[in-house]
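Residue numbering begins at 1 within each chain, and the chains themselves are lettered A, B, C and D in the order written.
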Amino acid sequence: MSLLELNDVSTGYGHFQALFNINLRIEEGETHAVIGANGAGKSTLLRTICGLLRTEAEKVRFDGRPVGQLPPNKRVGLGISYVPEGRWVFPSLTVAENLMVGAHSRRTGMWTMDKVYELFPLLSRLRQRQAFSLSGGEQQALAIGRGLMSNPRLLLLDEVSLGLAPVVVEKIYEAMPAIIKSGTTVLLVEQDVGQAIRFADRITCMLEGRQVLEGSPKEISNEEIFAAYFGV
Amino acid sequence: MTVILQGEHLTKSYGGVRVVDDLSVSLDEGEALGVVGPNGAGKTTMLNLLTGTVTPDEGRVTFSGADISRRPPEQRCHAGIGRTFQIPRPFEGMTVFENVLVGATYGRNQPEKASYELCARALHRADLLPRANVLAESLGLLERKRLELARTLATEPKVLLLDEIAGGLTEHEVHSLVDTIKQLRAEGISIIWIEHIVRALLAVVDRLMAIDFGRLIAEGDPTEVINSPQVRDVYMGSMAP
Amino acid sequence: MIWVNDIIQGILLGGLYALFAAGLSLVFGVMRLVNLAHGDFGVMAAYISLAIVGSLHVNPFYTILMVMVVMAIFGYAVQRGLLNFAMDAGPLQAILATFGIAIIIQNVLLERFTANSKGLDAGAIETAVIKLSNQVVIGWFPLVTAIVSVIVLLGLQFFLGRTRMGRAFRATADNQRAAQLMGIDNRHLYGMAMAFALTIVAIGGVFIGIRTTFNPSAGPMRLIFAYEAVIIGGLGSLWGTLVGGIILGVAQVLGDHAQQGWGILVGHLVFLALLAFRPQGLFAKQVQ
Amino acid sequence: MATPLKVERYTRASRIALPVVAAVIIAAATIPAWGSSSVIKQGVTFLTLVALGQMWNLLAGYGGLVSVGQQAFVGIGAYTLWVFSEKVGINPFFCVPIAGIVAALFAFPTAGLAFRLRGGYFAVGTWVIAEVYRLLVTLISWLGGGSGVSINSARGFSPTTRQAFVFWWALAVAVGSIALVYLILRSRRGVALTAIRDDEVGARSLGVNLTRSKLWVFVIAAFGTGATGAVIYLNLLRVGPEAGFSLQWSALMIFAVVIGGLGTIEGPILGAIIFFGLQQLLADYGTWYLIVLGAIAALVVVFAKKGLWGAIYRRWPADLLPVRRRLCLETVCFPEEAPPAQPPQYPIVQADNLSGEQPPAPSPGPGA
């Protein structure tokens, strides 16, 4: 049984259909990357998994359980943690408080505040700073750390590198091996293909709401990806 | 070629993050300019700065040589800047015709009776005339996008700013929309078009600019820009071929 | 010296207004809801106290705890039963729903307790004073009220800053969707926020009921004072709200002193003047 | 395009409704000739309620301005009536339009302050300003102070004459308010107001000046409410600050509009009928009618956003008062039916909220 199953998911916003018949299997412990240009539906896919968008219950299964109808707060309790695009840190809360709120679901496991500070040493000296005063990279690290505080079985990372300078992105991604090693299943969405495939066991390429390419990064050539990316 | 719409050194920050950073854009009369860039690159904010929905922290916007940086959106509309929204926002309780009437009467600042002709023409150009008396809430996505276009056309814009107008449409729908936009171009309307469906964009625009982090990263011939190392870099990151 | 006395009285009164305002601002902060029934909830609390006093024959001070519990349960129920749905329907709908509740409370109280003014009798403390000089006289009861207000505000600050649920409140205020992604059940949380707001308002309601008489239509005035304190202080600032309450209280006492009966009007005018010249309030918190 | 264009306004329902409405108005106008004194008095109550509802609906339903301070203009209307009839000596029946104009004048400074506030804060802001007017009247002894004043000049007429004129005035403000809203909506301004009702940002981008439209609506609503206030107190003959500036006036109009249906002309009329019916039905039970109405209003606003008229309209879409425009070429009008195949509707998550930056929000917490 796969940890996460999407069965023929079609969804969107009001009149706007963003996903067309998506089928996806993610195995426990796997790192899976979804790539594609903007507007491809990558973020919508993650929102459907974390519960910001709902579908019929059966269309999203987590650990065998139909969860398509559950609100996000319930899914966190089951072990799905979403690190949103745009980071969404709580601006008026301090770094430490942001992490404490991240642990609101009371799921226990290896991730604690100290472990997160260990993972992102840059956060450790900012503990008492309000999150709005952090730089983009620091906010991104905080958002990931906060997502880990619920000790998820499945971590959804949405556009981690968005709006960050390459050196900063590099710093953030340094944390990836440790996260993967902790046994957490990771599903990440990236526009930066290079970053995505560095850690991914499998990749899915999306174009305009549809899956156009899937496989392990070794099997797929750059040219194929480029073609799938722009649809040209 | 004379410049019709220009943004100079525009900067806008939200919560300490520079969404648009010292960005300059200029549009010649009769030109069609395409804009690409990853999510959050500041494309829509740039558009909002040009239309007045957002005021710049720094920099200025000129239209036909006049500084319009501090003018509210309605005045810019009167001046001849029309826009469509990424997520269509029709007036749902009004009919398609009445929606367009708002643009014709208020955008052109003229009496209602004098606007009917203009409305019919705008509807015709956007291929919506047969749907004129349908309530806007019952429209599907393509027709909503077309209504966005028709409403704006009714204000008789000199410049048309399109925000991802092809997004979410089927292949066939994109084609028909591209034809409409080509038509508008041929009529002499200057266009700035933000779009991530690249092939739609390439079919229309004369020039392409790519932005990231709110800054310009490439500008020029559309095909060259899309194949430029900078743009490949932005999209594909470290693995760019 | 008589002015000094006035200002002291005004400050003490301001504490009470801040107590009312804290609940209003908590509800607005957490769920962006302007609760038009807030003042009526306070009056309702006073009547509940009155009813308990009537049957148990105790000093109204001893009823506060019971009133707090009743109001908390009531608040949670109203939020989960109606207002959550109202907020889903839209901001305009939410305002109108609270207005409906306000009118219902006013008229239920009118039916049950008649339009006559009532008062809560707390005994000797109401008239006991500390005489600092011939002209500066501080009543024990206003002093206790102000002290309790500050204690409650401190307690609220502690709660918001140091407890799990308090942090959840603040996280939701910052970004409701992100809070939900952390496992915070917003519907329950909104219920709790309303329960908390009404617990605080219960204290204020009983104290104001001891201080002055009240009738079923006294609610709107309470709401308006609380609202003025919030706006003067600036949205989102707890201690700004206290300062707002104090400015309002001082303005009212001084106004009354200058011309008997003009106090409330002067308070309103000070508020409107501040609104005209500093619409963002004195201590608006800028999260930039 | 060379084809001649025509815009049709009438619908089949309206072709039937308009003569019926005209007949009803004429029939109603004869009531003072045959109705009993209590029928006439209740008629005045009902008709003024219709007028107040129409005005509040214009304000909130079209202007998006949820004011709970409209009692200010009822009170101002009432006191204007008193000042001009008692102090100036004008025939009280001529004071109704004057009351409207004075209320409209007061609307300007009121808007100047209240327009600085948004949403719920606007609601309470208008309320505060109404309180200021009430307190001013209470404190100014020239206006009778807290104990109120009597409109004695109206007593100079015989009771039947007075009642008849009051009734006709009430009929005039009711029909007038409906006609006013109707004509506004049919006019160019109505296009802008309906657009604002549906989407403010979209309206602005098409050239609509929001502030001007809202101010305009606020002033017109004040005018209608003030004139109606004068009619109400021509009927009651005695006004005090507590009653004239009572929150109950706002409750009345809000409940009527909300129950009937916000943002339509027919809704508030229907709401007024229901309100009035319940008031009569529960007349023996004190203020229970307000409790019941408050509960109905709170439930309707939450669970049937478009009110009773909205529910009826969904089943039988007939515009009795045609404000809609239909575009026709020569004699052929384009169809009004929706397409048969509806595209799938997805759960609507406000997509703008999902993408990117969130505006910084004030926090209730201490400045930790």
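By definition in this document, a residue touches a chain if its C-beta (ideal position, glycine included) is under 8 Å from a C-beta of that chain, and two chains touch if they have at least 3 such contacts.
Keep in mind that this is a model prediction, so the values were computed, not measured.
Separation of subunit A from subunit C in touch steps, taking the shortest path, is 1.
Greatest Cα centroid separation from subunit B: this falls to C. Separating the CA-averaged centres of subunit A and subunit B is a span of 31 Å. Look at where the CA atoms of subunit B average out and do the same for subunit D: the two points lie 39 Å apart.
Rounded to a whole number, the gap between the C-alpha centres of subunit A and subunit D is 50 angstrom.
The set of subunit D residues that touch two or more partner chains comprises 343, 351, 354-358, 360-361, 363, 365, 368. For subunit B, the set of residues touching two or more other chains reads 15-17, 39-40, 87, 140-141. Residue positions 12-17, 43, 52, 85-86, 88, 91-93, 97, 130, 132 of subunit A are each in touch with at least two other chains.
Of all the residues in subunit D, the ones that touch subunit B in their complex are 1, 5, 7, 187-188, 191-192, 194-195, 197-199, 201-210, 263, 324-327, 329, 333-339, 342-343, 351-352, 355-357, 359-360.
Subunit B contributes residues 15-17, 38-41, 87-88, 139-141, 144, 164, 167-168, 196-199, 213, 226, 232, 234-241 to its touches with subunit A in the complex. For subunit C in complex with subunit A, the residues that touch the partner chain are 164, 167-168, 170-171, 173-175, 177-186, 285, 287-288. Put simply, subunit B touches subunit D in their complex at residues 14-15, 17, 19, 39-40, 51, 53, 72-74, 77-78, 83, 85, 87, 89-95, 97-99, 101-103, 105-109, 111-112, 116-117, 119-121, 123-124, 129-135, 138, 140-141, 151-152, 154-155. On the side of subunit D, the complex with subunit C involves touching residues 60, 64, 66, 68, 112-113, 116-117, 119-121, 123-125, 127-129, 131-132, 135-136, 138-139, 247, 251, 254-255, 258, 262, 286-288, 290-291, 293-295, 297-299, 301-303, 305, 353-354, 358, 360-368.
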